[in-house]
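For reference, the structures are reproduced in the following blocks.
There are two complexes below, and they share chain A, which is joined by chain B in the first and by chain C in the second.
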Partner chain A sequence: MAAALRAVTRWSPLALFPGVLLTGLVLPILVGVLGALLPALGYLPALGQTTWGVHVMAELLAHPSVFPALGLTLLTGLGSTLLSLGLALGLVGASWRTPWLRKLSTGLTALLALPHAALAFGLAFLLAPGGWIARMLGTVLAWETPPDWITIGDPWGISLLLGLTLKETPYLILMTLAVLPQVQASSSFRVATALGHSPQSAWWRAVVPQLLPRLHLPLGAVLAYSISNVDMALILGPGTPPPLAMLLLRFLDAPDLSQRLVAAACGLLLLVLTLAAAVFLLALEGLLLRGFRKWMTPGPSASPGWSFPGASLLGNGLVVASGLSVLTLAVHSVARRWSWPHVWPTQWSLRYWERHLHGVLELAGETLLLGVAATLLALLLSLGTLEFLAASGRSELSHPGLVALYLPLLIPQPVFLLGIQTLAVRWHLDGTWGLVLWSHLLFVVPYLFLSLSDAWRQLEPRYLVIARCLGLNRWQVFWRVKLPMLVQPILIAGALGFSVSVALYLPTLFAGAGRVSTLTTEAVSRASGADPRLIGVYALVQALLPLLILTGALGGSRGWLRHRRGLAA
Partner chain B sequence: MSLELHQLELRWQEPPGRLLVPPLTCTISPGQPVTLMGPSGSGKSTLLAALCGTLPPAFSLQGRIRLNGRELTALAPEARRVGILFQDDLLFPHLSVGENLAFGLPRTFRGSIRQQKIQEALEQLELPEAASRDPATLSGGQRARVSLMRTLLAEPEALLLDEPFSKLDQALRQRFRSFVFAHAASRKLPVLLVTHDPEDAQAAGGPVIHLSLPE
Partner chain C sequence: MPNLMLLRRGKRLALGLITSLLLLLTASPVPAAWPDVVQAARGQTVYFNAWGGSEEINAYLEWVAEQVDARYGVTLEHVKLANTTDAVSRILAEKAAGRTTGGSVDLIWINGENFATMKENGLLHGPFVEQLPNFALVDVTGKPTTVLDFHVPVDGLEAPWGMAQFNFVYDSTRLTTPPTSMAELLRWAQAHPGRLSYPHVSDFLGSTFLLQALLELTPDPSVLSAPVQSDEQLAQLTAPLWAYLDQLHPALWRNGQDFPANNALQRQMLDNGELDISLSFNPADTSAAIASGALPETARTFVLRQGTIGNTHFVAIPFNSSATEAAQVVANFLMSPEAQAHKQDPRVWGDGTVLDLKQLTPEDRARFDALPRGVATLSPEELGTVRPNPHPDWKNRIDAEWLQRYGQ
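This part shows the complex of A and B:
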């Protein structure tokens, strides 16, 4: 981005946008990381700690939960990342040339908009011994009591791994679809089949090796989230020992303030773990694409090769499982009595809705305000930066710029949020609405910018040349050609940006300091021990809010495009 | 040894039944390349896609395609043994030159024989040292020749050419044209050439079919 700044001749007001992006969003992340690293090395003057050394790290490593937590985090984080990638590539490979995927992509966008916590609660309700899956089996097999299986919070983190996979696969599918045109997948595929390769072989040998290097950043974001998430881990993960990020929160919540240092050390460990996992994935890719590359050129075989079994079934399964999760939230919220093994409640009641409607709506209003504000600001910053790039003759960010933009997604959230929180407390900014809004921008901007820059890149540049030749200036081209042509991607990107804000748990918790809360923080805080009916109410509203906005955006853009068939994607 | 098209016609699905290419019957024999000419939009490339088995779902096909007595119409692209060369060389950027050549080489060639086949091909290309090179480091003409060799190593029984000379400059075009036709002739492959350039048709030397724009 710095290079982009230099490229513009003299002063351009547009340079303000990437400038704000750089100094307002990327720089604080680095400061935040530093703010977490120093205490990890023993330096936290606010608590009178100024002895540099590894004694804090040693204290952390002596904690009995650390190594089990480390293993658990690695298993769920790396496992769900690899599983999501395999599923996404397999699904796209089995279906990218069929109309089926186009139909599914609206469903996938909806899944993307679904907040992590709502999905995790729904999945917990589905998998629980008294949940729908057990009840259906129980009805068919005539079980007299609920099974005694351990699903939610199982000590191996399997249900957490499943939940993460369910949430991340749609994102990786959409990212894979976005890079397909960049690698000219269609012509590679045509050449490979003309040379005698079966469709599966052509996909894995000719297309996937070209895709993988372009998926590094999205995959890094998935990895960092899977390793360091707290909201899904609180709902689906085991408690003793918990994953590393939850252990960090426990140190932070400890009454003994010196435990803050241990929490910082835990953050450092999380950072190192994420880096190590990323290096492992890169090494794995290097092995497949460079070390043992013979698998790519054994020649075509006459047999159709192994095919991805039931890809369409699995793809629909993702949508159906998530849909059922939301539905089970709704059913739980209106259940009064629900005796075993009935699939539907035996007595219904709106009591919880009546009792909590006021509070939930108030929270929904706060969440909406925060999300809309973050989305509009992020739109302004992203559109400005894209225009700045266009004005300096580029259609996209340079690679370092892209990495900088991805930074909040690549670094485990607890690490830099911890550092930022320390600073915020010092400057008396913690718990202010402004800080929460800003912390949301850290995450809304990258998603929104990346989704918009795809649309910007795909816009036929000759339209703009024609408009300029017809006498419009750059500003007029932006308002009268670009924006109207890109209404649909802008609305959808906005809706996704909003859903990112709604879903944020840890940033709201850290920046809000308990004084600013959203549907997400309230719902997650009820994760342990609260009445499922109450959870149903909160989580359902949390799930519906972004879905409503997305439906509005899709409906709005359809209305806009009704008489413009050439623009409909 | 021949590629036979019998009453082959292409229609749009939307509006249903609209004719793109009217019924076409011809027999293409080795050494007698057939040239297909016509304005943009007359369905030349779509016809080649139909022969490859990669016809986009927006079109439907009637009639028969036979290659050396085999009925192709119902076969998957990879089972047809029809080689195609496009306007762009489309060498896989993730593979080296040698690996690109190996990509279509049948599995029956294993181990050292496989290496030997590739080395022979590289020598025919006058690029004996290029096996491990990145295709991006080759010149346009070299890339075009590697692309043809990759197609031939897959042992096709017919060769389709989709304007493969149109992006090359004049001098290169002539050389590559004779390179392609010489190799096709030495392997006794029936060749169908799609082009805009009358010189290509002349060089091919066989009959010319003119397609007109659909009504």
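This part shows the complex of A and C:
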């Protein structure tokens, strides 16, 4: 951030954008973390707690579930991060020079737009012992009762790990594709194959080691999310003990209010755990790159890696599993009775849709408004900042600036949201639409900025120089040359930003104070009744809204490009 | 029973006297201020924070919103919570920030521990309950839990809303003779491994299952109505419970290594055939679930011979609500015979009334008499003895000990 601020001192009106971006997003988070830190150290005057010390930490560590929860969280968090990284690198490596990748990436973008909760519900309906897959098998094998499978909510967190992987792999694939041009993958690859390496060997030995350092921040975001998420853990994770973030919520939800101090301490532990896991991953990367140097420079070899058919199967598998999950939601939403072992509902009914359509549409409208406002604001801030960077002759934010931008994704949500809630209440901002919008910006801006900055970097600078030479000023160049050239990435980044806003649960809950609700908060509160038909209705609409916006964005950019063939290349 | 004797004298006189008696009954506790409260309530908006996981309850609250709007000009917004403590935390955060007016919650659905902590931390407005006209109709003697919430005196800080009683739910095609005691339940579970479970203790029905077992297994349940005296007392009284669970758990779903996260999920597992027994706190909601297609036609309920735990759930007004008048009007309407009868209808929600039916006018009584009972609902006689919840202290200590023993 220091570098970014130094740049601000060289005054230009454009400097306002990074200024607002960084102070508006980073400062409140730091204050929020502080607000969570105080109760962890024993200070919460509202409950008459003013004794400073480590007694709250001690109470937390004495809780019987903490250490098992810690292990479980590390396993699912690190496991899903590593697994999705491996899948992403493997898939991209096997297919980055084939036309199939372009097709796959549309499917992956759709997966990315799918809210976590909707995907998790669908997966649960699919994989549970009484779920769709078991029913299909049960009909064939004449099972009288559902099998004794330990799938959803298994004590080792495997279904949670798989759910997270399903959701995070597409993101990492798209991020990998974005950094490929930066590391000049094609030339490294050509050199390696010219030296006699097989394509797989060239990918893993020559390209991947260059990619990894550039994936640090996206990986950090994936790691922090996997460690601290509650919406997927709630649906797919085990309960005895639960992952740490769920344990935190249990402390927070305990009727005994003094447990809130323990919840704050648990938040602190979550933060430490995330940092420790990140350091571990960095160390692992260092070790691998150093330890495998011998393996990497042995001269030509034909191993290892996946062949294209295997990768295509796996990649399509990801898309199909998610598609089936959404389909189960749809079937449940129109079922009246659907008991074991029937593969299809025995009684159908549109009753839930009839009863809820009005309310759901109203909520969808509010969600849309909030998401569109957050996306437009985030676009404005991101475009302004990118222009500021371009004007000051740099192609990207300084490293500290990037970390600052990523901060909301790197710090576990429950930690700083608690602190921010107290502040918001003090300033009478809680429950206002503006605060909810701001809380969404915290998460929409980083995703949007990062996907846009790639497009900005890849823009051929000579067009801009020519435009300047033709007498256009900076503003005209931006408006008449850059924007038209970048319509496609802007629309797609906007659609993804919108999907981030739609999926936000905890931020909306904390900032909205029950006065502002979205499809997601309503879906989660109704899901507490575990009625699959109702969950089907809400989760389906929750999933369809971002997909609709994405389809619109893709259609729009296709229409835009139809008469501008040169841009499509 | 003077009114019964009067009846014999003559129909006209009796009717006249009954009417005036009833008028007296309903009129006497009304403080002069009530019309002022109703007057002030007009135009206010009440943010009612209540669990939003039940279709039936949400629909009932929509009906209530229409009624209070039409009758009192009060706007009722149901803030649907995934968890009641979401709202309790918010009220606490508001207290922490020193906000004494304009709070985000105007009415909250609570009982038991949540009430105890809110009362203890000064988060509640009132006392207000005694001045609500319909409170006079509440059966405070026949249903003592309407004024003693888990043995914590209500002190006019929360208005009784409905009655609950612990019961078991099963599918009669898979379970033919339901157990009638904890000991029989254990034998059944051992004969049918993997087909029984109970929710994790973080769900209130999970801890209620433990308390229900404790009431039946401990030699002297009467001490459970006071707070825990000492660690020795706790250890001594709960020893039979842990011995029981140690025997039970290996026969449970997933060998008692994991538990359904909540009761709603467990009911879903019963419907799916993953379990044979589920738990409920509302004797009528199994019938309602059959009607909505959430459980099979063959679902039924049972209770234990020695009686099961019953309690009352309430609505309370947070200390910093800015719509206290309208919140009181809503609380009063929720206790009205009309709203209570509509609520008890198993086709609506099926939640038991807090009112003393004997005190109602014949017309109001008729509303209750006309209600169908529902195919899976037990009669009051079959439901048997209602046993009070142990003091919240026991629940906290037992939950903690349970986590220590089985929660890892």
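Following the convention adopted for this analysis, the second predicted complex is superposed on the first by the 533 of 569 C-alpha atoms of A that agree within 3 Å, B and C clash if a C-alpha of one lies under 4 Å from a C-alpha of the other, contacts with A are read in each partner's own complex, and residues count from 1 in each chain.
As a working rule, a residue touches a chain if its C-beta (ideal position, glycine included) is under 8 Å from a C-beta of that chain, and two chains touch if they have at least 3 such contacts.
None of the values given here were measured: they were computed from a predicted structure.
Superposition of the two structures on chain A shows chain C fitting alongside chain B with no clash. In the overlay built on the shared chain, the residue A:Leu289 is in contact with chain B alone; chain C does not reach it. In the superposition on chain A, contact is made by A:Thr422 with chain C only, not with chain B. Once the two structures are overlaid on chain A, chain A sits at the apex of an angle of 160° toward chain B and chain C, using CA centres and rounding to a multiple of 10.
In the superposition on chain A, A:Arg526 contacts chain C only, with no contact to chain B. By the document's definition of touching, of the two partners only chain B reaches A:Ser198; chain C does not. Once chain A of one complex is fitted onto chain A of the other, the partner contacts of A:Gln210 are limited to chain B, with no touch recorded for chain C. In the superposition on chain A, the chain among chain B and chain C reaching more residues of chain A is C.
When the two complexes are overlaid on their common chain A, residue A:Trp340 makes contact with chain C while staying clear of chain B. Contacts of A:Ser187 after superposition on the shared chain: chain B is touched, whereas chain C is not. Taken over all C-alpha pairs, chain B and chain C come no nearer than 45 Å in the superposed arrangement. Taken together, the two complexes place no residue of chain A in contact with both chain B and chain C. Those residues of chain A whose C-beta lies close enough to touch chain B in the complex are 99, 184, 187-188, 190-199, 202, 205-206, 209-210, 289, 293, 296-302. In the complex of the two chains, the chain B residues touching chain A come out as 52-54, 57, 76-79, 81-84, 86, 88, 90, 92-95, 99, 102-109, 114, 150-151, 154. The part of chain C that touches chain A in the complex is made up of residues 47, 49, 51-55, 58-59, 79-83, 85-90, 92-99, 102, 104-105, 112-114, 116-117, 121, 194, 200, 202, 254, 257-262, 264-265, 267-269, 271-274, 293-294, 296, 396, 403-404, 406-408.
Residues 44-47, 63-65, 68, 128-130, 145-146, 148, 150, 153, 155, 234, 238-241, 250, 252-257, 260, 335-337, 339-341, 347, 349, 355, 421-422, 425-426, 428, 430-431, 509, 513-515, 517, 522, 524-534 of chain A touch chain C in their complex.
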